[in-house]
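There are two complexes below, and they share subunit A, which is joined by subunit B in the first and by subunit C in the second.
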Partner chain A sequence: MQTAIIIPAILNGVLMGAVYALVALGLTLIYGVLHIINFAHGALLTAALFAVYFCFRTLGIDPYVAVLGLAPLFFLLGYALQRFVIGPAAHGEDSNILLVTLGIAVVIENALLYVFRADTRTIDVPYGFSVIEFGGTFLSVPRVVGFFAAFAVAGLLWAILALTDTGKAIRAVAKEKRGAELSGIDVAHIYAMTFGLGTACLAVAACLLMPSYYVNPHVGNAFVLVAFTIVVLGGMGSVPGALIGGLFAGVVESLCGFYLGESLGQIGIFLMFILVLLFRPTGLLGARA
Partner chain B sequence: MKAPGYLSVVAVVAALALVPFVTSSNVILNFLVIALLIALVGQGWNVLGGYGGQYSFGHAAFFGTGAYTTAVLQVQYGINAWPGFAIGIAAGALVGAVIGFLSFRSGLKGSYFALVTLAFAEVLRIVASVAPITGAGVGTLIRLDVRFEAFQFQSRAIFYWIILALVALSLVIVRMIENSRFGARLVAVRENEDAARALGVDVMATKLGAMTISAAITAAGGCFYAQYYLFLDAGIAYGPWISVEALLAPIIGGVGTIYGPLLGALVVKTLGEAAKHVTGTAPGLDLIIYGAVLVLVVGFAPRGVAGLLERLWPRRSRAPARAEEGKSRD
Partner chain C sequence: MHTDPILEVRALRAGYGATEILCGIDLLVKRGEIVAVLGSNGAGKSTLNLAISGVVRVRAGAVVFSGETISQSSASSIVGRGLVHVPEGRRIFPNLSVHDNLDLGSYRRGRAHREENRERVYGIFPRLCERRTQRAGTLSGGEQQMLAIGRGLMAEPQLIILDEPSLGLSPLLVEELFALIARLNRAGLAILLVEQNVMQSLHLAHRAYIMENGRIVMSGSAEEIRSNPDLKRAYLGM
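After this line comes the complex of A and B, so read on.
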């Protein structure tokens, strides 16, 4: 009897975890290369969700189609933010980067609040509530799509990093910044490219999330700590770590929500986050520093 | 020079104390009360972040603990607000010591420290939003009881002087830290932890001491907030807004300087009010400006308003040296 309830909870957790993983992929990529904690990540996700909302409501574009336009758009936004705001303002100091990205987050979040007000909004796509049966459990179709798309995006990201020249340059900068600079790589450009890729991941996540989720100006906050948790859990900068960590976080949230009540679901994630930071800051998969 | 630097504290506080004699406008007093509250909370952040170099993103944990302790003791246990205020500060300091002990023991610094403090604050926020003792989602309302004994006052001026007294106390504490060996050790830890340790500084004890003082000062702000507004919910007490304001004021004013938080709070709140007057009561606009100012200050004026002022009017002790420098160049 018990397992009949728990299995759906775990499966739903896995599906939500895939979206978390997508959000965390962008964050871990930025961390892995720039070695910075991007506090604006949640606010950028909120902006992406609003962009999806706007595309659907005003232009009538389906979220799954909108991804084709929004991913490049957010790539450019991320590129510009790093190249023209974060890079110059931070003077290369970690604490400054924290503050600058926090400032950007505050600006974006409140600009959205100013324009869209605090209302929570949803879009109603025809497939929003459709379900498929899997092993006796009914799963939301948009979430299942999100699950597979998360793996596709992770694969794509891997391919970009492994096979393209830009990807090679990104890996070189991540490993040895000074050496990369000496061999003629434009580090500022590569930093911005990485930030752009990470932001584009958010646009994809937003398109996959919106059909079964909602948006308000503060929605990104719920994701930002979860994404940090996943990044820390999976080992800072590790793409497979982010995927596994994301799925794990989704299951933890779902089970905590199941046992402790819906509103306490995220507390499990945060407690896990604190415990990992305190006792194993290199992550569950990361090598010991 | 028995007590270096206290004269300016007395002068600043005395000047501010005269404001209610100049104006009785509740709008102005209310504005100043809020600015001073942020200055107090920011001064707490400044002790740890400015002097100790440990950037916390979760000072809401201390603010909220102070606020909730004062409020819950009154509402649930009928304990008078004055001892409640003191217990609130102690509770905030305790939370600071515990979080500090756990984080510093694990060697968390920089971004990791910022993240873990944020996570602690969020856990407290979620717990407060469901725990029955805090009134859960409905919040906690302190009964209106305008008597001195209940820490409630008819006149805004009294509240103003109380928050000013707390700010004055925080300024004295910071001055004492600046003049003490503890302060020297704290700055040494900020500048280079390993070097400080090699010189025999107990890094853990120093950071922990700073965190406890920092949490206590910020918790005092929370206690005052509860008495001033008489209402709390989880989003107010433990919400990210107060963590942001706590670091905004010192960073904009001048991080690691005694008057930085006060200057920063006044500048930030003036900007926010000005924005509201220009565009009406649009939600979020003041925060857009705060965020933009934060980015600009970090980018162009890393020593904040205090640094800018110093550039305009160099300190007298340094002025002759610079004047001579100028002459020799002529």
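After this line comes the complex of A and C, so read on.
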């Protein structure tokens, strides 16, 4: 009797966790290479959700089609932010970078608030409430799509990092900036590429979320708190850690929601966060400091 | 036989913050030459290298490479011109394989001949070939030094700066390293060698500069410096 309810809860948690993982992937990539926490991550996710909303409502483009345009667009946005705003404003000081990203977050959120007001908005796609049956459980179609797409993006990201010159340069800069500079790698460009990739992850996450979710000017913050927990859980800067951590956080949230009530689901995530900080501060897959 | 200058440093000043480390350095490397820069710890040798290769900003003076001023160029564009700096402490990419470390050496320059240059480096360092799939961070100190030099060679340098390449190597490996430097030079490569290993460097180099407190205090042919007892006592602590 119990398992008949718990299994769907776990499956739904896994599905949601994949999208969490995608948001966390962008955050951990930027952290791993630039060694900064990007406080603008949540606001950029919010902006991406509004972009999806705008594409659907005004242009009539389905989110799953819009991703083809929004992912490159947000890549360019992230690239430009790092190259022309964050990088030059930081003057090489990490504490400055934190403040600059925080400032960008404030600007983006308030600009969205001004344009879209504080209302919560949704879109109605024809498949918004479709379900498919999987082993006796009914799963929401947008969440299933989100799950597979999130893994596809993670796989693509892995391929870029492992196989291309730019990807190898990103990994090189992450661990040995001076050596990279002296090998002819333009570090400012690589930083911006990394920031662009991390931001593109958000655009994809937004397209996957919007069919079954909502947007308002502050919605990104909730995600980024969870994503930050995932980054710490998986190990700061670890890409596989972000994936595993994301799925885990999704399941924890879903089970807590099941036992404690829907609105308390995220308590489990933050309890987990505190436990990780207490007992394994380097995270599940993190290297020792 | 060496006449045409490949690198000219004129009245170079550089430093960090309020501290000036280099107080007007003049230095010349001609094509095909090995030039040694010697001096004790803290004399400013590494800062000089970093200023030449565009990592530390040049405050005054000029760096001219192959007839073009590069004092304000970025580090990556300087590599693009064929001036490659193999830094002190190796600075290899510990999380990447030996193979990928070498490939990134040709990120900016030499990409068209990447395969053949990689094979050439494996020919020079068969040990690296054996470990091509291993993560570079797991290599021994000597192997890491080979990798750092190999990565530098991947960019098809016209001039290579070797900063303390013998640091931390066993005497036998130092022997091998110096033999390799001589071999690379015989193949036509100009080398700026920064070393604390004074006598061996003076045997290898054509000319040498002695640095002290951010200044060049003596320069001349390696032979002259080697046979000057006062100089050895005063600056090289021998």
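Everything that follows uses one rule, which is that the second predicted complex is superposed on the first by the 288 of 289 C-alpha atoms of A that agree within 3 Å, B and C clash if a C-alpha of one lies under 4 Å from a C-alpha of the other, contacts with A are read in each partner's own complex, and residues count from 1 in each chain.
We take it that a contact is a pair of C-beta atoms (placed from the backbone, for glycine too) under 8 Å apart; a residue touches a chain by one contact, two chains touch by 3 or more.
Predicted model, so just to flag it, every value in this text is computed and none were measured.
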Side-by-side fit of subunit B and subunit C on subunit A, or clash: fit
Should A:59 be classified as contacting the first partner (subunit B), the second (subunit C), both, or neither? neither
For A:176, decide between first (touching subunit B), second (touching subunit C), both and neither. second
Is A:4 touching anything from subunit B or subunit C once the two structures are fitted on A? First, second, both or neither. neither
Using the superposed model, give me the angle at subunit A's CA centre between the CA centres of subunit B and subunit C, as a multiple of 10 °. 90
Using the superposition on chain A described above, determine whether A:274 touches subunit B (first), subunit C (second), both, or neither. first
Least CA distance subunit B-subunit C after superposition, rounded to whole Å? 16
Contact footprint of subunit A on subunit B as seen in their complex: 53, 55, 57, 102-103, 105-108, 110-112, 114-116, 118-120, 122-123, 126-127, 129-130, 240, 244, 247, 251, 282-285, 287-288, 290-296, 298-300, 302
Which stretch or stretches of subunit C touch subunit A in the complex? 53, 55, 74-76, 79-80, 84-87, 90-96, 100, 103-105, 107-109, 151, 155
Per the touch rule above, subunit A residues touching subunit B in the complex are 36-37, 39, 85, 88-91, 94-96, 98-100, 102-107, 109-114, 117-118, 217, 221, 225, 228-229, 232, 261, 263-264, 266-267, 270-271, 273-274, 277-279, 281
Quick check: in the complex, which residue numbers of subunit A touch subunit C? 165, 168-169, 171-172, 174-176, 178-186
